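Order of writing sets the labels: A, B, C, D and E. Residues in every chain begin at 1.
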Amino acid sequence: GLTAQTTPITVYTLKGPSGVGMVKLFEAPPQATGYTIMIEALAQADLMAAKFLSGEAQVGILPANMAAKLASSGKDISVAAVIGQGMLKLISADPTVRSITDLKGTSIEVAGQGATPDYVFRRILHNYKLDPEKDVQLGYALAYPEIAQSLIAGKIKLALLPEPFATMALAGNKDLKVVGDIQAEWVKAGGRENYPMTVLVVSRDLAQKHTAALKAIYEAVENSIVWVTGHPAEAGALVEKYNLGIKAPVATVAIPKSSYVFIPAPQARPSLEALFSAFLEYAPQSIGGKLPSDNFYLDVKPIHE
Amino acid sequence: MNITIEHLLFSYPNTDRALFQDFSLYVQGPGVCALLGPSGCGKTTLLRLIAGFLKPQAGTLSVEGPLSYVFQESRLFPWLSIIDNVSLPLFQRVSKTEAREKALFMLEQVGLADKAFDKPAQLSGGQQQRVSLVRAFLCPASVMLMDEPFQALDVPLRIQLMDLFLRLLQDKPRLVLAVTHDPREAIYLADRTIILQGQPLNPVWDKKILLSRDERCYSSPAHAELEAQMFAVLTAVSA
Amino acid sequence: MNKREFFWGIGGVFVLLVLWELGSRVLASDILLPDPRKTLVTLVGLIGTQKFMKALGMSLVRILISMTIAIPVSLLIGIPSALNWRIRAFMRPFFLVIAATPVLSIILIAFIWFGQERTPIFSAFLMMFPILTSNIMAGIQSADPKLREVLDLYNLSELQRLRYLYIPSLLPYMIAGLHSALSLCWKVVVAAEVIVQPRFALGTGMQMAKAQLETIELIAWTIATVIMAGLTESVFLAIKKLFMYREGAL
Amino acid sequence: MNKREFFWGIGGVFVLLVLWELGSRVLASDILLPDPRKTLVTLVGLIGTQKFMKALGMSLVRILISMTIAIPVSLLIGIPSALNWRIRAFMRPFFLVIAATPVLSIILIAFIWFGQERTPIFSAFLMMFPILTSNIMAGIQSADPKLREVLDLYNLSELQRLRYLYIPSLLPYMIAGLHSALSLCWKVVVAAEVIVQPRFALGTGMQMAKAQLETIELIAWTIATVIMAGLTESVFLAIKKLFMYREGAL
Amino acid sequence: MNITIEHLLFSYPNTDRALFQDFSLYVQGPGVCALLGPSGCGKTTLLRLIAGFLKPQAGTLSVEGPLSYVFQESRLFPWLSIIDNVSLPLFQRVSKTEAREKALFMLEQVGLADKAFDKPAQLSGGQQQRVSLVRAFLCPASVMLMDEPFQALDVPLRIQLMDLFLRLLQDKPRLVLAVTHDPREAIYLADRTIILQGQPLNPVWDKKILLSRDERCYSSPAHAELEAQMFAVLTAVSA
């Protein structure tokens, strides 16, 4: 007999904080006639990059710089929207450190050498005339959970942490204080508003040939993020249920402090370019050596009213 | 079924003097040729050269047909049962069952049928020696090299095995080159006896033994006389 | 393992627990090194959960699969390499690449080719292969040249040489290699599971515990790993004993 | 390594390059697997830089230190364990913990205790120790009981037994263990360097390249690692040959 | 300097019949006691029991003083030079240099001084046998167990070594228990000769040999007579 042929599409998200905004999709996958849309969480951003490169992934989320890098390597992908902004906090156990200027002569743990927080922080330091090679010492030895553990145990004094680890650390040790406001400092240092961290990426092939599916996914992601920010407790429960690597109570507390947004690509372009220019300054090859071209920013008009 | 050695030159690596220098020997089969000589003169080395385990530095060496070899040590495979050790040379030629049947028959002949499924480590020295004898017997070789094949055996058993050996040779003639230290063994078995002297190796005594079976008996006067002769030569060589 | 050995083993475990207790007192922080009692309670609680049992089972399956791949492959490549200097010289660059290439460098390709369920298996293979081949090669080189002469003499085929000389000679080396590979295997599989996070895996559990700063839970997962390694090792030792017994070496 | 071996080795490298080229054509992505020519150009460029040479030197130093620690420690613990069943049973839990504990579980404690520069050494030790001890124990068990009887008869001291029987018996096993440990060591040290990122380290270079998805550079660093592993292995094989020659085994 | 064995019971594990059952033997030193018997009857096992390498299942066994042992196989350490192999038993008692000096002296006596720094694998079978003899000689033991100590040697060398051995025994009396397959060796060396029968082991012939040195010579009629007697017993035991 005849069976209805549907095209399978998998939406890839990430475990950990980046994927929290999309958690509703696990509960209610996007629906589009003619398509079977599934959702899957990957462990790490570079595994996501590999999925895009091999062509297995048509739609997923990536750190902004990785998306730019993939595009510059010749992969036909575009950013559909920014879905997460950086929520870094400078945390100190040293009462003498009260502002960025006090950092001179200290050592600070910054996880992920060569990733967005590293360059954002370098640019802020630069704005205060602090040379990251001489005036301060940036340590990259530990991952976020270990930095938080060490802060709580009092083994390190200063660290730059994203959510939800910042919240966890602060909750674990009452002596820890937040120093300054990294997001505001970023704007002072030449950034545009809060800097984008995570972007929703789609392959141009999908955008052109499967508009209906893309529209469904695009709207589902937007709705999910709106819902998550509005319902931290319910969202937290879902995060734990779908094994995204954060426990419900932690997620519930961290969601309001994190910046889950949904900014369509055209509007997000200036802030993305501001971030990319920081990369161009410190590590041009990590975004492919130049600012992404126009078609890196998906024209969302056909799917977004 | 002949062994021809001409102008052989051989020395072990890193040694100064040649063990073999212009050494020639021709042995015609079938029959038993016994080799005697002082310890360390090069008898084992000669057998190993003939078997092709060592390469001469000069000279020619020709042997026909498949070889079998009774080594000076028993060289059994410690992880194989006695019967497998013994039937090893046959595995290439006949089926395993057939090889095992033949092996069991021969093991019976040397009084080891009850040890067939033991491992070599469970055997006494003389029993191991018998096993390695049987292994060489079983291989249908036309040339047989033997390095003190009857050592570690008591005299009655030794005579019994030599009789068995002679019977087998009658059934299927071969050329046998047997190293031995016991002149009586040589007299009992051999058609020809060579006494060698070392440094470099050369034959000092080379005689056909033309005694009858009865005369070869340990207790016969002809045996005693020949033994005394050989003993004199050996003592001279040894000094 | 007989009773008396068991008794001494318990002694070792006890000393280990004391050292751990001391360590946790020195560090004086549950988040760095929780004390053993709390951890054991957590472990017992963990064991009851379905998530835990599934993770354990799947990781065990990965270990077993990686063994069933690594053993024949290393025999198939190691034996010819040991017997023939040409093959050995030719294979050397491959051995080096397999042994020295950090998994990290090829994790993307591994992930694409093997997916998240099989990447840990691949990574365990990369660790076991060099251990097994180097032991196989040493084992074959340990074969008694006197016995080799016997085989030469009787014109046995290559296969028969393997059966009667080389395999028995390499066995003790192979067993030593397997012994270390088996214990390390757990470590390596778990490390890869942490990176790619398969659905059910000890490594996934650990990574989750770690990301949530649940050090007690992390150590509980770790102890589970070590206990599993101990169990597989016991099975291995039992098989080895049986085998040795059958071969008459005991 | 003589000339003919070198020739066959080059053959192996060539086939490896061809496979790589094919792989990179199939994947058709410089980020997944860049093609060999581009990578070699990058490698040559990298070799000139000071950063690279320092990283290479420091990683080599870490390898050497971890060997100089692991070899005596595993002899000191492995030999008594092999000779005495009580010690063996007592040490078994320690062996298991060392072999099976994922580095991830103890990375923080290792970092606190050993610091950034020494954590890779510690982690290499955790990998080499089980390989070496299991080979040492197998080696000692391979000692000929007939020779042991000779020593029993003449009442030789424990030290003399070691010198005259056990050490010579375990040597071939030890060499096999060292061979695999040495190649794996590079992989393990680099993996730990990737995590803790010491100032000068091959692993730090790799991590930077990886964070930027600069696969060409990542693979160039990897090749450098493999080449270094090849060089250290060649030195090892040369020492082994010399040693065997002096011992009269060759 | 005595060996006392009473009511010994012994069988190897996993074998059905006892090798020793209610076996008793008393040997008084100093002097040489030769043991003869068919292959596989249990001679080596007896020596191993005396040396303490095997534990009897029942019965008592007492030996005094340090032992030395010439094993049936030569049991040399393949990685040690000949001189180190030989001086091994002395390392516990005297300095290494002194041990080596003594070893070299003894090696000279058996004609192996030039092989002192070779490895065992570079020696012929008879040379290895001599090395293991020297090792046992060197150990200042009061009881010496020897399992076919002169096998693999040619007859003149064998006599020469037996003479050396007797000289050494005169200098320092010991109790020697020597297994041999050659009645002539027993006659030449022993003060007492025991012929054993197997299954279970029991002595069927136990005689003091009261010949003079000259009468012990291979060619003397007294020797020949005794040999014939022993041969008859051995043949009877073998059958």
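The rule is short, and it goes like this: contacts are C-beta pairs under 8 Å (C-beta built on N, C-alpha and C of every residue); 3 or more make two chains touch, one makes a residue touch a chain.
Because the structure is predicted, anything quoted here is derived from the model rather than measured.
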Item to check | Shortest path length from subunit B to subunit D (each step joins two touching chains) | outcome: 2
Checklist entry - By label order, what chains touch subunit A and subunit E together? => result D
Checklist entry - Considering subunit C as a copy of subunit D, what rotation angle in degrees (nearest 5) results from a C-alpha superposition of the former onto the latter? => result 180
Next on the checklist: Taking each chain's centre as the mean of its C-alpha atoms, which one ends up farthest from the centre of subunit B?
Outcome noted: A
Checklist entry - subunit A to subunit D: how many Å between their CA centres? => result 38
Checklist outcome for this item: Taking each chain's centre as the mean of its CA atoms, subunit A sits from subunit B at a distance in Å of 85
Checklist entry - Counting in whole Å, what is the centre-to-centre distance of subunit C and subunit D, each centre being its mean C-alpha position? => result 16
Checklist entry - Got the subunit B residues that touch at least 2 other chains? => result 73
Next on the checklist: Can you pull out the residues of subunit C that are in contact with at least two other chains?
Outcome noted: 27, 32, 108-109, 112, 207, 210
Checklist entry - Residue numbers in subunit A touching 2 or more other chains? => result 46, 49-50, 53-54, 146, 149-150, 155
Item to check | Chains that touch, pairwise | outcome: A-C, A-D, B-C, B-E, C-D, D-E
Next on the checklist: Please output the residues of subunit A touching subunit C within their complex, sorted ascending.
Outcome noted: 15-16, 42-44, 46-47, 49-51, 53-54, 56, 144-146, 148-150, 152-155, 168, 172, 243, 245-247, 250
Checklist entry - What residues of subunit D sit close enough to touch subunit E in their complex? => result 146-147, 149-150, 152-157, 160, 164-165, 168, 247-249
Checklist entry - Can you name the residues of subunit B that touch subunit E in the complex? => result 12, 36-40, 43-45, 72-73, 122-127, 129-130, 147-148, 151-158, 160, 181-183, 218-219, 228, 231, 234-235, 237-239
Next on the checklist: Looking at the complex, which residues from subunit B come into contact with subunit C?
Outcome noted: 51, 53, 66-69, 71, 73, 75, 77, 79-80, 88-89, 91-92, 119, 121, 139
Checklist entry - Which residues of subunit D touch subunit A in their complex? => result 27, 29-32, 107-108, 111-112, 116, 119, 195-197, 204, 207-208, 210-214
